[in-house]
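Two complexes follow with chain A in common, the first pairing it with chain B and the second with chain C.
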Partner chain A sequence: MKKILVIEDNPMVIKSLEFKLTKDGHEVLIAKDGREAMKFLKEANFDLILTDLMLPFVTGIELISYIKKNSPNTPIIVLSTSTQENIIMDAFNMGVDDFITKPFSPNELSLRVKRFLNKA
Partner chain B sequence: MKNPNASLKARPTILLVESSIIEQENFAHIAMQEGWQLVICNSGIDAVHWFIKNNKADVLVIEEDSAPLNAYQTADYIKTELGLMLPVLITVGNISNQQELRAIAYAKGFIKKPFVKTDTIHQINEIRERFPQKITIANHSYSLNYLRDIFDGHEESVFESLELFSTSVNTELDQLNMELQNRDYNRIREIAHSIKPSFEMLENETGRSICHLLNSEAEETEMPNLIRDLQLEFASITKQLTRDFPELKIGG
Partner chain C sequence: MTVNLEILLDGFSNFTDWAWILKINVLIISFFLFLTLCLITLILGLRLFKNFRNKKKQKQENLLIDFLNSYLFDEDFEKEEQIKHFKKNHLNTELEIKVTIEEILQFHKNLKGESAIALEELFLLFQLDVFILKDLDKNNWFDTAKAIYALSELTIDVSVDKIAPYLNASRDEVRQQSQLYFLKTAKTNPLQFLDVTKRPLTTWQQIYIENALKNFYEGPTPDFAQWINHELISVVEFSIRLIARYNQFENIPKLVPFLKHNKESIKIETIRSLRKLGYEELLDLLIPNFEKENLLIQKEILSTIEQLGDFNDLQKIRPLIAADEWELKIKYMNIERFFLPEKIEQINIETMLEKEIEI
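Take a look at the complex of A and B:
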């Protein structure tokens, strides 16, 4: 079973991601803010990370920087909104692998997650 | 016997956004003589809300420099964000060529101020000939289509999400008001960003659009009105949800 860390602060998005990813057979851990995410990242390794960019306490960009430094082979998918083009570009320049626009299409999420987990 | 449809057709509903009391009276006088139903609104956003609430209108007449959204922004918002074909006439003092082109790009035409009876009647009648049907919108403040899709038809999860919508957005709206008092506009933008997907997941276009504005291009001076409008929209959704699903913990 692959282990996925979801870093997201909107409870409805969290619930939908948790439902879909668990149903697809993955182990899902949820961090509701950047601080909680840092704690998980220090305690465990993940096969994939899905992260929002605008997070309380520690920003998504800071998290990506930390992950790239400490776990450079872990793929990262950014959960974005349509108004974040500049921040998404910054994230890509830092080495994130993909992005999904919220609210996401269930099938698109499954396919993209599967693609990165198969590579791992 | 009077044909009720003919009567309806003879009484167009005009939404007017005009800050000058004198011009309001000028227009009202013309409207009364012509038998138009006139609704005077404080802003473009107010007009949009009246339109959504009452579900009918023939034309929006709005002054060029209205606030918080000017006439062009309001026309663009109605067309691109709400996807409505409500004809918009922009009222101006002096018209330059540049203004004329800009007005045509966003709206269906313009009316020169001070309002002159013949010109005003001509413009309104012309619009009515080009757009003879009263513009109405579907009266659904939310849809469960997306939630049913993402939860694969698992109704319990859909209902839990509706309760989450009610509690989490309510909390964030309280927070928005607090940050407005603190004048922490960056935090307001962050909160709007955070709750925007909640409105999107219920396929509520008004809430999504207001969050989008708050998160991106809204000026600080526009934020109080936008937050108030977002609260009204949230109240409208939760009211409808309570009616549709009385067994759920909505709006508690």
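Take a look at the complex of A and C:
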């Protein structure tokens, strides 16, 4: 069972991602803000990280740079409302593996997650 | 203590014998005491009602989150039966229906693709559209605006007569939502509602319309020239702007007469649009009238020279700028620097000298 960390502050999105990814057979851990995510990241290793960019306390960008420094091989998928090209480019330049914009298709997200987990 | 109480009761029994000032004082105190008690009871009652309502709301929200997730992502979920069950048991009160509508909208806002379509279907299966249509006729503007918003978000087609009257509602918010409704549900001609629009478009409405045209409407782009002769100035300006945004070069001949329009804002919008469309003869039409125009239009003419003209066009303007018109002079010199980058130093010195002479 692959372990996925979901970092997201929207309760509705959290519930949907948790439901869908658990249904797909993954172990899902939820962090509702950047601080909680940092705590999880220090305590455990994950097979994939799904994160928003705009988060309370510690931003998504800070989290990405922390993950890339400490576990560079963990794939990161960004799930964000931002459609601005420069933000997307910045995320990819930091080493993000994929970028999904909200509103998102849960089926498409599920497929992308599977693709990354199969690669690992 | 008992003796004191007896004296007090005895005193009250002789109320009629009291001095009038004392009677009035007691009456006023009693009245305010009663009012205070009523107020405290009301506050406590409202608080209790709110807590009770929030609890019910939370319960319904939790139910819905589980229901919607199962409905969307669980392949083993028996949709038909579960929908019937939910409708029968959890869609009875106004609160339950309102929370359900809000929750479906919230899910719809965050999801796309098959899931979004499934939510639209569920909305109809729950017959929430019937409730929404009843909300439309309520007197509260916010209920009406919310109802139209829900219909347009879920692209639910209802009879045009139901929404059209709100295009000219007194509240901006209601008008805005009805405009977005027509835009989001249109298959062709998304701005047809402008034909019956009688109230000016606010800046926010124009932004929302443009955004919806770009992001939601999927049909063929309308010919924006249809509305350049509209009775509302804001609609005319908006149409002229959209002609340029959508590169409708074929409408250039229709825009040119608006350069002579007596309304300054329309004239400015026309210059900007023709400039964006790269209309080559624009400067030949503008430069001869430079002197007669006001400052705002003169500045637009200078911007047009910068974008479409050359240094020779700029030089034609120089003698037409009044000596004390520094705003124009500075703009002129900035454009001069743009055309002659090698002479920036010389232009700067000339500007300084001119300023000194002026002082």
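Rule of thumb we're sticking to: the second predicted complex is superposed on the first by the 116 of 120 C-alpha atoms of A that agree within 3 Å, B and C clash if a C-alpha of one lies under 4 Å from a C-alpha of the other, contacts with A are read in each partner's own complex, and residues count from 1 in each chain.
Operating definition for what follows: contacts are C-beta pairs under 8 Å (C-beta built on N, C-alpha and C of every residue); 3 or more make two chains touch, one makes a residue touch a chain.
Since this is a predicted model, take the numbers as computed values, not measurements.
Superposition note: with chain A as the common reference, chain B and chain C are in steric clash. Within the superposed three-chain model, A:Glu108 lies in touch with chain C and out of touch with chain B [touch as defined at top].
By the touch criterion defined above, A:Met54 lies against chain B but remains apart from chain C after alignment on the C-alpha atoms of chain A. Once chain A of one complex is fitted onto chain A of the other, the partner contacts of A:Asn10 extend to both chain B and chain C. In the superposed pair of complexes, A:Asp90 makes contact with neither chain B nor chain C. Once the two complexes are laid over each other on the shared chain, residue contacts for A:Phe19 go to chain B and to chain C alike.
According to the touch criterion, the shared surface of chain A, contacted by chain B in one complex and chain C in the other, consists of residues 10, 12-13, 15-16, 19-20, 23, 102-103, 106. By the touch rule above, chain C contacts chain A in their complex via residues 65, 69-70, 72-74, 103, 106-116. Remark: chain A residues 9-13, 15-16, 19-20, 23, 54, 81, 83, 102-103, 106 touch chain B in the complex.
Across the complex, chain C is touched by residues 10, 12-13, 15-16, 19-20, 23, 102-108 of chain A. Of all the residues in chain B, the ones that touch chain A in their complex are 146-147, 149-152, 154, 157, 160-161, 164-165, 168, 190, 193-198, 200-201, 212, 215-216.
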